[in-house]
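A, B, C and D label the chains in the order they appear, each numbered from 1.
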Amino acid sequence: MARLNRVLIANRGEIAVRIIRTLRETGRTSIALFSEPDRTALHVLMADEAYAIGPGPSKDSYLNLERVIETAKRVRADAIHPGYGFFAENATFARACAAAGIVFIGPSPETIDALGDKLMARKAALAAGVPVVPGSPGPLETRDEVKAFAREIGYPLMLKAAAGGGGKGMRVVRSDAELDAAWDLTRGEALAAFGDARVFVERYIERPRHVEAQILADHTGRVAFLGERECSVQRRHQKLLEETPSPAFDAETRRAFGEAACRVAQQVGYLSAGTVEFILDEQRRFYFLEVNTRLQVEHPVTEMVTGLDLVAEQLRVAEGQELSFGDHPPEPRGWSMEARIIAEDPARNFMPSVGAIERVRFPQGPGVRNDSGVYRGYEVPVFYDSLLAKLVVWGSDREQARLRLVRALDEFVLEGPHHNIAFHAWLALHPEFAAGNLSTRFLEEHWKPGALKPGPEATSAALLAAALHERAERQRVQVGAARDDAGARSTWKWSGVERGGR
Amino acid sequence: MRFWVTLEGRETEVTFHTEGDRLILETDGRRLEADFVPLPDGEVYSLLIEGRSHVVRVSPAAEGLEVELRGAVIPVEVKHPLERMLQQSGGGRAAARGETITAPMPGVVVAIRVKPGDAVSAGQAVVVVEAMKMQNELTVTHDGIVSEVLVGERAAVAAGQALVRLAPAPAGGEA
Amino acid sequence: MARLNRVLIANRGEIAVRIIRTLRETGRTSIALFSEPDRTALHVLMADEAYAIGPGPSKDSYLNLERVIETAKRVRADAIHPGYGFFAENATFARACAAAGIVFIGPSPETIDALGDKLMARKAALAAGVPVVPGSPGPLETRDEVKAFAREIGYPLMLKAAAGGGGKGMRVVRSDAELDAAWDLTRGEALAAFGDARVFVERYIERPRHVEAQILADHTGRVAFLGERECSVQRRHQKLLEETPSPAFDAETRRAFGEAACRVAQQVGYLSAGTVEFILDEQRRFYFLEVNTRLQVEHPVTEMVTGLDLVAEQLRVAEGQELSFGDHPPEPRGWSMEARIIAEDPARNFMPSVGAIERVRFPQGPGVRNDSGVYRGYEVPVFYDSLLAKLVVWGSDREQARLRLVRALDEFVLEGPHHNIAFHAWLALHPEFAAGNLSTRFLEEHWKPGALKPGPEATSAALLAAALHERAERQRVQVGAARDDAGARSTWKWSGVERGGR
Amino acid sequence: MRFWVTLEGRETEVTFHTEGDRLILETDGRRLEADFVPLPDGEVYSLLIEGRSHVVRVSPAAEGLEVELRGAVIPVEVKHPLERMLQQSGGGRAAARGETITAPMPGVVVAIRVKPGDAVSAGQAVVVVEAMKMQNELTVTHDGIVSEVLVGERAAVAAGQALVRLAPAPAGGEA
């Protein structure tokens, strides 16, 4: 197949930027799309070319299928990389690309269909002889059906949106009462997020670990296993920190795990990069969860230990070439962790936060990789998800990686929206985390909002800072007063009263 | 110079002065000293407290100031003599009892859990707002009685928009 | 020996920052020193503690031996890391540390003495059976002595300051006439830079490559060879871009080279990290040049391919521990390049440049490491050298590393002082560089000041930018005119006349 | 709007106007169009020229403007009708012929290679200044005659300080 010289990125933010980097390194033209509020987004500034595709809301721009395809044709794109989210796992979009004579960078529409439907995916796994978590044979329509099912296999249960993914539209219920509270909310979120309210149910495993396999497959039928990633530290089923290898794995577990992942991929004739997600119970048994038919947010940790560029491999496969390493994937080396830096306020129940990036200095030095879509002065739009940056570190072992993460977080200056940098520092320093004792309930068990309470030294510094602020403000007032007695002075007085009145 | 600071719930009187690039501060008997220098880029200072290096950023927040230091945010309330007088006349305390729940960011109201007249207790969720693809439960910080519900479900709301008003709870009503 | 918990860094800029990072990752307290103009330098902001040591000029602060030692004692430092430059290769300082009961992180004073004197170093190499470049037995005092020597071994000759290093105080002369022109200048620089005007002379090898060996030695007598670095691309004997491995090396050359380097180190009972510099002629024969008894500016490329933290190894050795890898240094993996980002103007004969950093965005993403001492708003002081940052990249092979360097340079935003980012892009894209055909004469042979001439697309963009600037300026003027007719308008008119009068 | 631009030695007349966020520019028959938006942080614009993305920064320089783009610096001279008139009256051209060699940065003069009355040719080094531990030879950009030497050896000089003045070379003396 011909070389893909002009590649359009149907995405935004850090992943669009990350894809641009590989396109540039491999001598290809990068073509960005942008919604109106994204005109000044980093991916637009960095791409070789950029084209407008509509208003802020995703459905009117990044999810406007006709507009995206029409633009790709107009600008003579050879291929489209969907990144993650948006059209990344959308078979209709993949088919529309094919119909337009544009290469979709990812697996075939048939594979996406087969794996996008959780129930079909479970069947594929079972057919491949890979264990799955016991669950409802299909979507359940009423709470009563769920309660009936609960009486069969018992609580706790997990409610999962049939069209869901990435942890969206999932909830745990531990009793009929909790079910009553969660049912409408879950279906509501499912409808809002995926336009499909169907929900099914499976057994919820207590203190599970979330471990996933990175795979790469080419058209020769070759499927390579590039090691596991442990993504157990989550909040509301959103991954917060990922690492590879998994502290729970030994060589034997890894071998069996890798084989199971490859069997599932072969079962569906997988192509390109994909992730087979499993959960691991406390007896270290793994159960198939789902396959993400896309590049994963956390793919960089795999790149850090293998030295591979997964986007470059996706491009090779899309061009009909074989994987760069043939039958011999590189031996993983060392340990890598990724902290997702998110615009949210840990002190206020992780409430999402917005606003302009007022000041930013990314950590640097040995073993540190940054992937981000923000820059100083950039306004974080409210329409898209709140991932500001991914801080990725490498160490020769888990301890060095962990301490390097702490160092890098300490060095990270990010001001404007609230963010979870201090939260990650708390996490990386937590003795249970340091010991590798992880589960998806880690926060439930260990996080307290008071955890970020500053120490006495920080408190003293804050006190001194407040004094310097007062000093500066009074100087401003005096200057103001000198210039204009009414104006400046009264502003100050009013702000005083206002604060006093609170 | 003299003012009152509320830090981690404790209000203390603070006096301070500067000598060149030295800042000398006193608060309940404790004496703090630091070398300071303003840094470019916002209200940011480098402090050397007995040699210990700290970079602090001060920014106005909804309530007083926020001091940012090593990624952590420390809220600090600062009061001037004037303001303090006003508060001790009682206005401040009474006002502090009532409460208005506002939208922390632009979004859509997906659920309202209370109606006027309901008694609510601190920490209780009263509204759910969906933004950035997440549903967020907004909770009240004091006990109280719902006096007004200012929005309907499915309403699009702007950041800071008032959603629900609380009257002081009977218990706290002596003001 | 006891653990070194409090480590003082007798240095500044990027190397001080880099050392702080390892200290923090290994749970040690980092203690910075600063001259008056460095009060706001990044190493001061990042260190755990920081103390003033005097006015801007190095001799009054970073080179004020008494003050540095006195401060280290007062703040109870267990050890001092000298970084590179300043006291890094100063035996007197090393002895003063010992006398003060403070561990000097580096080799023994005796080793520093033996290797600091170029002539003694040559003797050591010869004793170890390592070839050296033919040169004058000792310093020469007059041009005539040099001319006499020239008649012996012939031009071209290299004039080298006896106390020199890092390429400072070196000049090539190809005739008696050139010698007459260069003699005083060289002695002048030598005196200014090292307080020692003595100059000696050796044969200048045409089109040599500069290749150096990174070694690590511990107190067991073990000396590890961590691969070579090619540093051939230089200007005025200043390294500009370094890489490892060397494109000139094959496995056999590397083996012989590593053995030679280790023999020199063993000959002098070397301890800690060091670099044995060689030149390689066009027949790939290597000649011993000198030993740098310090951490090298370009050490990160070695860290990128080995995964080691060389500062952490120095700390281990200083504590009397063995090297972390025992007798089995990690196999180097892939390729790494470092571009030195310097405040200088390639368009004006690389004239040093100063000023505030007005805007900076470091490159990010896969395979990119930044080491720098600057941040937005920081004023680059005139007292110290003009290295702003080191951009280090890793690739699975040389081609990926080179293209990644181009990508990263393209992504690098640095505004304020003039800098050589565009120069590095020219270099990395040069066909001879791409082919690995390097020598210390690379720039002499290939660089033309016109090389950075912008293309037609850039010219159009510049034209549009100028128009937007005019537009903005006129809007300002109109606003000004509206507010205050005399003031704003006349400023504009005057600036007009001023420009007109040029 | 209309002005004259000197880019890479060529002076051309430029007219331009904007329509919303479109910039339309014409210069010797050529028509350039771009979408533009100012970016935060200095005078920086994002340009989309037929879809091609460029970020350009404009800053005033010793001589006119500097446009920075992908790490490269493009000097641009801009003249308004008024200035151009002034120049064509001749003053501009004459002034352009003479030359003053200034210190590019603070440093110490370590050598002066010329004396008043010497004839120098473009590219010739006249002064050596040591700064940032490097000795830098300052060269002249036009032929000329040394009219003044304003500093002595070993003198400490400030950035921009005039060191040597040249009179126009006889060859260029018709102004």
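In this section, a contact is a pair of C-beta atoms (placed from the backbone, for glycine too) under 8 Å apart; a residue touches a chain by one contact, two chains touch by 3 or more.
Treat the numbers as computed from the prediction; the structure is a model and nothing was measured.
Visitor: Supply the minimal count of touching-chain steps required to go from chain B to chain D.
Guide: Graph distance in the chain contact network comes out at 2.
Visitor: Strictly by the touch rule at the top, which chains does chain A share as contacts with chain D?
Guide: In this structure, the chains that contact chain D and also chain A are C.
Visitor: With contacts defined as at the top, give the pair, C-D or B-C, that has more of them.
Guide: When the contacts at C-D and B-C are counted, C-D has more.
Visitor: Using mean CA coordinates as chain centres, what's the gap between chain A and chain B in Å?
Guide: Computed value for the inter-centroid distance: 31 Å.
Visitor: Return the distance between the CA-based centres of chain A and chain C, expressed in whole Å.
Guide: That gives a centre separation of 39 Å.
Visitor: So what's the Cα centroid distance for chain B and chain C, whole Å?
Guide: 49
Visitor: Where does chain B touch two or more other chains at once, residue-wise?
Guide: Expected reply: 41, 52, 55.
Visitor: Which chain C residues sit where two or more other chains touch them?
Guide: Answer for chain C, listing residues that touch two or more other chains: 46, 359, 376, 410.
Visitor: Touching chain B in the complex: which residues of chain C?
Guide: 31-32, 39-40, 44-51, 75, 356, 376-378
Visitor: Show me the residue ranges of chain B that touch chain A in the complex, using the header's touch definition.
Guide: Result: residues 1, 3, 5, 7-8, 14, 16, 18, 23, 25, 27, 32, 34, 36, 41-45, 47, 49, 52, 54-59, 63-65, 67-74, 76-80, 82-84, 86-87, 91-92, 95-96, 104-107, 110-111, 128, 130-137, 139, 159 of chain B touch chain A.
Visitor: Which of the residues in chain B end up touching chain C in this complex?
Guide: Answer in residue numbers: 37, 39-41, 46, 48, 51-53, 55.
Visitor: Mind pulling up the chain C residues that touch chain A in the complex?
Guide: So the residues of chain C in touch with chain A come to 17-18, 21-22, 24-27, 46, 300, 303, 307-309, 333-334, 359, 361-362, 364-366, 368-372, 375-376, 394, 396, 400, 403-404, 406-407, 410-411.
Visitor: What part of chain C is in contact with chain D in the complex they form?
Guide: Those residues of chain C that touch chain D are 168, 185, 188-189, 192-193, 236, 343, 347-349, 351-354, 358-359, 382, 384-386, 409-410, 412-415, 418-419, 421-422, 425, 452-454, 457-472, 474, 493, 496-497, 499-502.
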